[in-house]
Structure formats: structure tokens, C-alpha cells
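Chain lettering (A, B, C, D and E) follows the sequence in which the chains are written, and residue indices restart at 1 in each chain.
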Amino acid sequence: MRDVEQKMIERAAALLQNGEVARVVGWKKGEFYFDPAPAVFETVDELKDFVYNGFCGANLSKYLIKVSKNEGKTAIFMKPCDSYSFNQLVKEHRVDREKIYVIAVECQGKLDIEKIKANGVTAVTNVEENGDKVTVSSLYGETVLDKADVMLGKCLTCKGKTHQAKDEDIILHEMPAPANNRFDEVAKLEAMTEDERFAFWKEQLQKCIRCNACRNVCPACSCLKCVFDNPSSGVAAKANDDRFEEQLFHVIRAFHVSGRCTDCGECSRVCPQNIPLHLLNRKFIKDIDGFYGEYQAGETAEGKTPLTSYKEEDLEVSDVFKGEGK
Amino acid sequence: MQDVTTGNKEFKPNIVAFCCNWCSYAGADLAGSSRLTYPANVKIIRVPCSCRVNPMFVLKAFQQGADGVILCGCHPGDCHYVTGNYYTRRRMALLFSFLNYMGIEKERTRVEWVSAAEGAKFSAVMNDFVKTVTELGENKRLTDLRVKEGK
Amino acid sequence: MQRIGVFICWCGSNIAATVDVKKVAETIKAEPGVVYSENYQYMCSENGQQLIKNAIKEHNLTAIVVGACSPRMHEATFRKAAEAAGLNPYMVEIANIREHCSWIHKDMDEATEKAVVLVRTAIAKVKLNAPLMSGESPVVKRALVIGGGIAGIQAALDIADAGFEVDIVEKNATIGGRMAQLDKTFPTLDCSACILTPKMVDCAQHEKIDILSYSEVEEVKGFVGNFNVKIRRKARYVDETKCTGCKICMEKCPSKKGLNDFNMGLNTRPAIYIPFAQAIPNVAVIDPEQCIKMKTGKCGICQKFCGVGAIDYTQKDEFIDRQYGAIVVATGFKPIALDNFNEYGYADNKDVITSLELERLMNAAGPSDGVLVRPSDGKHPKVITFIQCVGSRDTSGCGKPYCSKICCMYTAKHAMLIREKYPDTEVHVFYIDVRTPGKNYDEFYRRAAEQYGVDYIKGMVGKVYNVNGKLMVQGSNLIDNEQITIESDLVVLATAIEPEPSVRKIATLLTASIDTNNFLTESHAKLRPVESPTAGVYLAGVCQGPKDIPETVSQASACAAKVIGLLVKDKLKTNACVATPDEMMCNGCSQCANVCAYGAITYVEKEFRLGGGKTEVRRVVSVNPAVCQGCGACTVTCPSGAMDLKGFSSKQIMSEVEAICKM
Amino acid sequence: MTKQERIDNLLRLSGTDVKKCMKCGKCSGRCPAFNEMDIKPHQFVSLLAQGKIEILLGSDAIWNCLSCMACVERCPRGVAPAAVVEAVRDTVVRAQGKNGLKAEDIPQIVDEFIPQQLLVSAYRKYNK
Amino acid sequence: MFKIRKENLNDLYAKISESMGLYIPIKKAGEVNYHVWGEGKEVSLETLKTVRSPKDAFFPQTENMMKFKTEGKNIDIIDVRDEKRPFVLFGVKACDYKAIEVLDKVFLMDPVDTYYKARRDAITIVTLACSKPEESCFCSVFGIDATAPCGDVTAWLDENYLYWQANTQKGEELTGKVSALFEKGGEEEVKSQQEQTKTILAKLPFATLDLSRFKPENLNELFNAPEWESLSEACLGCGTCTFVCPTCQCFDIRDFKTRDGVLRYRCWDSCMYSDFTLMAHGNSRTTQMQRYRQRFMHKLVYYPSQNDGLYSCVGCGRCVNKCPQRLNIVKVINTLGGKKND
């Protein structure tokens, strides 16, 4: 990946230098190898902190809402999955496509430091990526782990390695094939009884601390003011005072992004309590596919979403539970 | 918090019915003028079109202690606003499927198309829905316990 | 805080027999916000209304709740009463304690308890009511009719007769449409031209009607009462104001091999032509694809011969902008292409023709001067076979799923006319069903079978094939359960009709919805059959669905009545209960515009103050209250809740929910 | 098997919706083997729709249908009469416990006037 | 000092639970947080950092304050507080214990927050020394000894035993209740564990953070530092850092409409939220940068300037681990404080 990173820095520097773009959105190195943070680079000098490695899992597209309001063009590095969110944002007029220069970058699947630590490795000081192995150094010694075991959840159900939007690309190595298993977990839950499902979600959602990280990171949640922050919406709520609050928050959020959620998986990545929030959104995606025909939000930057279109012969609500395996 | 035993014979579910002004509300009126009875625990809220019903209203009803929520609108193709109920159909199909996915009893939610001429259907639907929800018992999964504190 | 008055109606014994109205009125007195509560035998009566008016004044009520019959009955009555007492009419809510309570419950306690809840629910709502005002928008007193067929002509005449300006935009060089091509009309068999051309002339002479022939609608902006329409006047290369219609150019034109569209391509016409003798306007037009001068630069004969100097080879398309208060769409139909029906041999046999072609063949002004001859050899056909439902009622994907409605009748007409004029001709009709609802229609069809001896065969044709110039029509005779083959000289296909394809573009321009068959959708199938869901747009003729001339004319006149009803108003009162966006919360995502059936939602770039002297330009939603019908589809689509509906706001509905659940 | 089950079975085997038939007779109008068939293509659809399957199961037409699919091709309603014929034929063949047809049996079933096309199609259709 | 075999800990929990509540790290749905102990629950004392800190034992995320009961046009105000049952908060790490000191200063100074005090008084705290600190830990920077936390009782855990030492009257009382389960001894083992842990603590990457610039006299300079822009640019404005933080103490008071009135409750709030301290005129901090700055200035400058130099960060490292975009207080300290080695 070093070569990819090097190429990215070169391109970013060139674009900044020749004035084609005013800024570049990418990742900046942190205190360790495994904590790069999203960042905006405005000068070539700042690029010395630019980094692109296995821990650059964050989806940068949402930052464009804010950044692209500034003068001049903005270049952004995008992984395949991020490009879906980007298209969706363009479709919803949140980002002006004309003002963005998309550099598609390759992705070999990103890593999850929490999963590494869950392997009993603690006091991690460094991580090295070697193909499908990951070498973790810690104050207590060195451990070699299989990459597949410590990848971000969203990468394990990767929906494709094709960028849906790009102006140029930096793809130096072949990317792994998509996983094609996105709906397995949803199907597993569907196969449970109502009681089991209720118990599952009750336990999961009870962990919720209403930090709003899932909402704030979500590229589909781009409202200027969320209904849950708006006292006049009738559903404003701040805390997890009751089990219902959690359900309300998560049901409404999932509904609001339904048909618009690209399944980028950021909600689950950022949840401090590791609630599998993507399984909520993914249920909507699965149902939309099943009821109204396959639809992938963000595949294009145009057209209506499944919830803003209809067919006369659509499934009746009363038939929702009649179908097999629904 | 009070625990009401489900299956209690005295249990009378609280049903919120959203009816579109042009078909179903008129259908309910016809049920009335035809003296077709249905239980008193069904209360109707008039909306211009079934597509006015926000999922938040449905959840609000459950939060506030409703035991069942039913939406009634014009038959697909007959919407006074041409396409409103087509959107309702998609929204509610997805919402109800989703609520069931979260473990909420699917029998608590329903969408029925009732035209202004279908007073008998309105009454039959309400009778059936009340019966179904009564058998199901009190809504415990999607209620806000704080609401019921004072009960 | 609202000062609410509650009025409980007995409705004689209709309510009072099952609901303890006094108890309801008494209980409700304790509700926060309620300052007055009363019950009365008939609230809707003069006295009852007076009681309400008095209470509003005496107690300074800011809002009232009437517990009575369905709001569909008397909401308007009580709103008027409130308005008379100086209250905004939208500060009234009705608790339906009759249809939804007293009439369906038997137990007095139960019904009374429910009535209290229903009244409380109405109180919960009315507390959040705000005075609403209907907006006003001016009406441009001019109508646009798109399409100059019989539907457009009739609508234009009716509107113009009422004193309003009307423009007819017709894409062809003349008005008249399909009806001008017909020979006779059922069920009276009068000559089509005889009844149509006087109307065409009326149009041309009417001082209120402006015929924009050879023109198309390019752009439509605005809304009911105030449409801005851009019209393309296609270059006809002949000055309309100068041409006298003398036809000398037609005679002299050396390029005479153009297919004559008016005669369904059965003969030819010159490059400069007037579509038919009675064309309105009676002005020539040049087909630039055919004209030698336009193609090669050499020729110019017509120009030479034109006595008035009307020919102008350099003419360009022009655009004009006009304002209209209402638009009638009357774009008509065309027969479908028969590419998917090889079995009838239409493409391979000249003597397999469509019914519209037969019309031209039988028309005295047609290519054969009204003598029925075979297109192949000009001989008189002795055996003629008609095939019904060609492409109609076809769900296989080859044709149209609907019944074209007019074919049964015109085939009976054709059969009858042929048998009358050429009694030696054998006429067979293969049919699936013969559909003849309508005044004197079935009688007409039976006459064809009984008096004129037309052979009706119940069954469908499987194939038509040519054996030595004879058309072999093989089909089933279901009544006799046999397969028969009829040796015919002429085969006539009752071809399905479909909306004129240009209607798609027009529907898009008008944001009028269109169904899967390209028919324009009416606002309500039964109760608003001539209105499109887009306010101010009306539908006449086959663009809305298959129909015959009488029906088309009725619909056109109905359209005219609606248009007149609109244009007589100086100002339109807009619906008060319309969608209302909060620009501060709108992020411009366009989801709401996607679900609006009326095109009431647009977006504007607007500057907002951010504080600290900074500003920001944002794309935000804008609702046109003159167009919004208040369904609320947009409100649910908006995730941020920036869109709300006046009169049915989210907060109002949620407090109704809360009130219901409180019991 | 009850009669209804047998009807359902035929409906399932044919995979066609006989209720869609609008009784226009175009199938029979097109059928090249019409005169060889005691039960006509449109009757196959109609009789199955009415549940009169004994007539169908006893018909000779199932052996005379060319399986040329002209009826299927021409039906304006997307009904497949030939599929009904085939379903009936399969049912009869199966009931006879045969799982196919030998070439030598064919002359006993078909007569000498049968067109060549039918013989070819016979191999196709009986070779289950 | 007492000790008890690890396999007998369940008896200890059961014994405590007989007379008091027991609040202890329990694994539920994959995550370890403080929960009330019960038979069959999966206790995880080994977990170094619970997702949420133990602060919600006395400062719960939501707490009902009073109720307004309406009947017709009458309103009654009802105190919804009940008698707080005594309970034990078990397994508190040194950093989290220090955080309680920070919270006490806020809630117990005049005017005393009686809701907080009632819970605080009812709690007996059993701390647990750390033996396996991780890279995100930096409590030592704030002078905290992770190997010897205080509290009413201090406990140490190794492979075989839990060691127990009462420090206060409350601690002695608790010890009295459960002493039957204990054996004496453990001083040696504890000592060797402490030494071992200290060598790791010294090696931790953040052990050398330099706080010297975070002083009241540098307030203006720090406040106006241009680096805040780049430090905060990736901030999502979520409340993760504040909600996992053991010292964040901001709350909001809200009303909830119940069936027969209004329930007034308070709940955690986050200075990261755009509606935090929202007033009628609008918000005093309009950008995320301002909100971000507020949080860290409060931790490192404002709070210490009012509390004799006590920082309101305790180096637990939760925000380091949990920030979705990997922003954290360490990056702030390094950027504005200057690295020692630079």
C-alpha cells in the first residue's frame, strides 16, 4: 500500500501546486499507525502528514457538504464504497459535482483496531500489514493475526470494488472480489421468531448511549437540523430514558435513510457500543430489493429513490408477511 | 410500571385509525349511517390522504400506549391525490416489515383500502382488527413505560 | 393560550339517544383551555349557529370545537358561522360523535366515554390550529387548446362563445384532425366533412379564436390561472398572411411524389401542398425534405407562379410566448403500427388495409374519389373480410391491453356502407365480442347483420396469406367449432388506436400524469373525469382514453365548461391547507418534489444569514400554494421535517394521537 | 388424487393462466392441425378452465398437436394453449406408467396421414 | 489485607447482593458496562475499560426529577425521588475513581446537587488496580497511580486471587459483611504485581505527555491558537467522547409528556452538540470548532483554573479509543502543549 500512498501524495501535491484544486480531502497520520483521522490539506507542505493505510476506513464523502462550500475545487480520495455515498449526496444536491475532483483509490479492505485488541492484544504500539497477515506489536510482545479476522465489519460484506464516480483513479493492485453476502445476517434474523428478534434488538439497543455518532457520521443524515434535535418535531429526544426512545430513534433514522442508505457501514463502524446498526438499514435495503426490484442507492447520481417512486402493481402491505422468507 | 396480564378478558385494546378524508373517512361515515357497529376502542384521526401519515405518527401512537395502529386509504388507483396512496403503500410495507424485524408483532399494524362506498368493509375491518389485537394482548414492546406510569 | 368553546350537538336523538351529551359538555368543561361548553339540540340549525356566534363574541373564543356529525357534513357550515362571528374559519374543529360514535355504539356509557375522547382529541388539535388564509392568484383570461381535432375545435368554440380568448395550437398544417379523414359517422351515417368543416370555419372566423397551425408547444411554466407557454411556429415557407389558397403552386410543383399523409399514404401529393380542400387555414405548406428548391437550390417554380408572393424559402421557426389561464389537452390518437402482427400480412399485401385507410378509400375526396377499389389492382373487391381487435385487448405485449372502443361501431358502419353501395359484395367480420353500448348503437350493429346481411363470425383470424392474388383469411368459427378459410379480395384490420405520441412530451411539460398506455390520467376516474391532476389543465378526447365522436364532443364541452368556470373568476382562491416548508431546515434534497403529483414544488437558490455578518446561498424548497392540493405526500418524504401541512400539521396530528391514547 | 388436485396439477404443469383467455379463438384460427384435433386448442383452455378434464384426458388431440406453438405465439392474452395440451399429454403418459415412448410404438398411436413435422415433434414431446 | 480465590468471586457478589445493590462490569451483547449484578450475569473484571464509565452510578444518563400531574385544570407537583438503597460500585479503576473526585467538586459544592448526593452517599466504592494498561492509557500524566487506587476498598486481581484492602469506615463495614469468604494475606503478590505494572506504565506511549502549557495564564493564547481549526475539522459533532468520558458532567433538563401530566428529567448532554446551551437568541457557540475547543479548554484550562489546578481529564483513554474519526485529547495536548521530546 505504500506505493498507493506515495502516488496519492504525488497527485495531491500536483493538483494543489498547479492550482487545479484548492484543497484535498484525505487522511492524516495520528499518534499511531492505526489512528489516522480525516483531514483537509490545503498546502503541499501539509501533505507530509498525509497517510493512506489499512486504517483509513472512514468514509470522507460527507465532509464534502461543508468543505465544498468553500471557494475553489476540492479533490477527494474515495474508496469504492465511499463513491456510492458521494453519488447519493450529489443526487440530493448536497454537493455540487462540478466543484469536486474525485480520485478513486484502491481498497484492499480496512482494518478494525478494536477487533485486533479483541484478540487479546493490548497496549498496541504498531501494526504492520503484510498481505493477508497483520503483525501487531505491543508492549507485551508481538502477535501475527489473519487479516480476515480483524477487518472492519463493513469490509467483510463489501458490495463491490468498482468506483461509482471518479475523475481519475489510483489503482495499482488488483482489488479483492466483492463478498456477495450482505444479506446473510439479515436473513438470519428474519429466520428467528418475533420473540427472539425482539430479545436480540432489545439487548443490542439497550447498549445505546445516544451519542448520535451513527447519525452524525451517516452521509444520508445530512439534514440541517435533525428531527431528534428539533423541539418542534414532536419526537425530539436527547437521552436513552426508555427502551422506546432507542427504538424510536433507530426506527425513524433507518426509515429516513431508507432508499437513500448506500450501506456504507459507517454507522456500525463508529458505534462505541458496537451495536450492529447496519443490520437495521440493510433490512430496508433487502426489503426494497425484494418488494420493488433491486436498487442500489448511490449507483448513480440521478433518478428517484424507491420511496419516492411507485408502481401500480406494487406489493400490497397485507402481502408483506405472506411471501416466503420475508 | 404496571403489568397487565395479556389475554385478560377485560383487556380492551386502544386502536388508532388514520383515515384519509376522501375514501376511508367517508367509508367510516357510511358505516355509521348504516349503523354497522364496531368496538368503541377504535378512534379515528382524519388526514387528507393516507400519504400524510408519517411513520413518526405510528410510532407516537405506540409510544403513547396504542395497542394497534391501522391506516385506511383509497384503493390504489383511486387516490383523490392521484398517487398518494402508492407512496403510502411502499412506506408502510417497508415500515411494518421493519417493525416486525425488530420483533414487533406484525398483527399490530395494518393497512386497508376502504372506499367511500365500503361502509360494511370498514366495519368488518375494524371488528377484525380489534379482535386480532385483543387476542394479541397489550402492546408492551413498542410502548414508552413513562407514559403509562400514571395509569 | 387558546380560549376554546365546545359545542355538543344532540342531533335530535341521533346523538343524544346513545351519548349523554350533557355529561360530555360538562366533563369537557374541566379541560385546560376550555372556557365555554354547551350542548344544543340542533347545532347546525339557525339557532344553533347563532348560539355559537354569540358564544364566540361573549367569551372571546379563539377557537371552537363542535361535537356533531361528520365534518364532511357540516364542517363548512360551522366554519361559516365562526367566520360570521369574526373568527378565522380554520379555528374550527369537528368531533365526529355521530357517524363515528353514537350511530355505531349501543352502550350509553361506552359511547359517552368515547365521545369525550373524540372531543378531547379535537380540542388537542384545535389548540394548535392557526388562522389560515386562502391565497389569491390572478387569472389570465385566455385559454390554450392543444390539438385542433374535433375535441380541440369543440372546446375552443365553447370557450370562445363564452367570450374568452382561445388559441388552438395544432401541429399539422390544418385543423380538423382525424375526423376530417373520416367518410361517414356512426350511428347516423352523416358525412363527417359535412358536420366538421362548418365547425372548422366557425373557428377560423371566430374573433376570439386564434388558430396557430403548424405549431407546437415548447415550454410551459406557471400554474393554474397563470401559465406561460412558449409556442414554436414551424416554418411553413409560405407566408400565411399572403397565401390565398389558390393551389396554383400545387399544380406547378414538379416534385409530386410525396406520400399523402392525409390519405394515409394511399396516393401522393406535391412538395408544396394544402392537406385537403377544406383545410383551415387554407394555406399551403412546403415539405422541405421533398422540395427541390430547398434541397438543391434550383427550381423556385412555385415562387414564380405565386401571384401574391407568399413563398419564402428562408422562413425560420419562430417562437412566441403567451399567457393562459387554462389549458385543454386534446392531442388525439393514431392507429398503432402493425409491426408486431405479421400474421395479418399487412406489410406484404397491399390489399390488407387498416380501417382508417378504408375510410379514405371510401371517401369521395379520397384517392379513389370514393369508389371502393383494391389498392393493388384498382379492381372492385367482391369479398371483403374485416378483422376486429387487431392489437386491442392484447396483453401479450404485441398490442394494447385496452379495448379501442370505436372499432365495433365503425366496422358495422363500413360493412353496412359497402353492402349498401355494392350489394354484390360479400362482407365477413371476424369478431371476439361486439361491443355496442350507446344510444342507437346496438340497433345500428344489428341492422348491419340483419338488414344488410353482413356475415359476423365469432372467432379470431389466425393468419392471412396470399395465394395467387387472393387473400386467404384463416380463422376459427367458434360457434360451429370449425376452422374456416375465406378467400377474400380485401382485408380490413380494425387497428387499435393509441394516444398521439407527442402527448408524452406535452404531459411532461404540463406535469400531467400519464398512464402506462400513454393516456393522460384524469383527476378522478368518476368525479373529475375531464380535469387533469394538474390544476388548470383539462383533458378532451382520446388523449384521455379511447372514445368516439359524441363522447369526445361531450368531453370537450365539459372541458370548456370547466375552463369557463375558471376564467370567469378574476382571482383564484387557493387551497388554505397547503404544504408549508421551513426554509431554515430545508437542505434542498429534492425528495419532496419527486413525490408531488402536481408539480407544486420547485427549488430556489436563496441567501441566508449565518450570523457574524456571513451569508450562505442555499438551495431551498418553494411551494406554490396555487398549485398545491394539500395531500401531504411531501411532508412524509422530508426526513428533516422541514415540510409541514397547514391544517394537518405534524404537531396537530401527534397531539390527536396523544389525546386518543390518553384514555 | 381428488379431482381438484388433478385440475390443479394440470394448471401447474401447464404453467399458464387459463383465466386470462378471452375466448377469441385465435389459437384455433391459426392451428395447422385443427382438423386433426377432436378437441380444438381453444377448447383445451376453456375445458381446463371449467375443470372438465376428463374430456381432455380422453382426447386424441394430444397426440395430434404438432407442438408448433403457433397458438402460443398468436394468443393476444399470453395464454399458452399448447402448454395445456402438453400438460394433459404428460399427465396421460405418466398415468400409463410410461416414462417415454419407443419409436416402434409410434405407428400405433399416430395415423399414416400425419405430417412429417408431427413425427419429428412426437419424438421431442414423448421423450420425457 | 484479605484475599479470595477467583472462582469464589461469585459467592462474594452474591453475599454483597444480599444486603446491598452491586454495580459491576458485566458483559452484555458483547460489550462490558456497569450493570446491576444478578445470578448468571457475566462479570468481567478483567476488562480494562468499560465502554461507559462508572459515573452513571451516581449521575445516571437520565434521572427523573419531578412530575407534574394534571387533572382537569389542576397541576400537582410530585417528588419522584425514592430512598436510595445502599450499593457497592465494584471494580472502579484508578482513573475512574479520580474522575469521581472531579464530579464531586461539581455536584457537591454549594449549592449541593441533592440528587447526586443521595446516590453518592449510598455508594461504597471498591476500586480495582490495573495490571495490564494499554496504549491509550495516560493516567500517570495526571499523577494517578493505576496500581494503587483509593476508594472505600482497594482490590487487586491476578490469575488466582482477588486481594482486598479496606480503606475507610464504609469499606470496613462492607468487609465485615463478607469477611467470612476471605482468607488473610496477599501483600507480597500485590506488591510484585504493582512493580510489574509500573514498568509497563512507564513505557506507555502517552506517559510523556506534556501538560505544562495548560495553565490559566495561557488561557487567551490557547483559546486563540489557530491549530483548533485543523484539530477539529474531522469532528462529527457526536457525543461519543462526552458520553464515555468519566468526568463529563453536563446535563440538560427536559420534560416528557406522560398520560396524565409531565415528567421532568435530566439527561446527559454534550458540549459537542449544536443545541448544547441553546438559548432564545440562538447558540453561543455556532461552529463545531468552537464546540470542540470548548470541550478541551474546559478539561485542561477552565476547570483546573477553578479547582486548584485539578484537570478534569483523568487519562482513561476512552475517547482515544472511541472517537469515530480518531480525534482525541492526546492530539490536542500534543499539538498545543508541545511534545516533550520535540
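Just so we're on the same page, a contact is a pair of C-beta atoms (placed from the backbone, for glycine too) under 8 Å apart; a residue touches a chain by one contact, two chains touch by 3 or more.
Since the model is a prediction, treat every value here as computed from it, not as a measurement.
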item	value
Other chains in touch with both subunit B and subunit C	A, E
Any chain that touches subunit E and subunit C	A, B
Chain of greatest Cα-centre distance to subunit B	D
Pair joined by more contacting C-beta pairs (A-B or C-D)	A-B
Most distant chain from subunit A by Cα centroid	D
Rounded Å distance between subunit B and subunit D, as computed from the means of their C-alpha atoms	50
Where subunit A and subunit E are represented by their mean Cα positions, the distance between them in whole Å	30
Length of the line joining the C-alpha centres of subunit B and subunit E, rounded to whole Å	45
Numbers and ranges of subunit E residues touching at least 2 other chains	256-257, 259-260
Shared-contact residues (touching 2 or more other chains) in subunit C	595, 637, 650, 654, 658, 661-662
Contacts with two or more other chains, residues of subunit D listed in rising order	none
Touching pairs among all chains present in the structure	A-B, A-C, A-E, B-C, B-E, C-D, C-E
Footprint of subunit A on subunit E - complex, ascending	28-31, 33, 48, 51-52, 61-62, 132-135, 200, 203-206, 230, 233-234, 236-240, 242-244, 252, 254, 256, 265, 267-270, 273-275, 320-322, 324-327, 330-331, 334
Footprint of subunit B on subunit C - complex, ascending	70-72, 96, 98-101, 103-107, 110-111, 113-114, 117-118, 121, 513, 521, 523-525, 533, 577, 595, 597, 629-633, 635-637, 645, 648, 650, 653-654, 656-658, 660-663
Contacting residues of subunit C [partner subunit D, same complex]	343, 389, 393-399, 430, 432-433, 458-463, 474-478, 481, 483
Sites on subunit C touched by subunit A in the complex	516, 584-591, 594-595, 603, 616, 619, 637, 639-642, 650-651, 654
Touch list for subunit A against partner subunit E, complex	30-32, 35-40, 58, 63, 114, 117, 122-125, 138-140, 203-204, 206-207, 209-213, 215-217, 225, 229, 238-241, 266, 269-270, 272-275
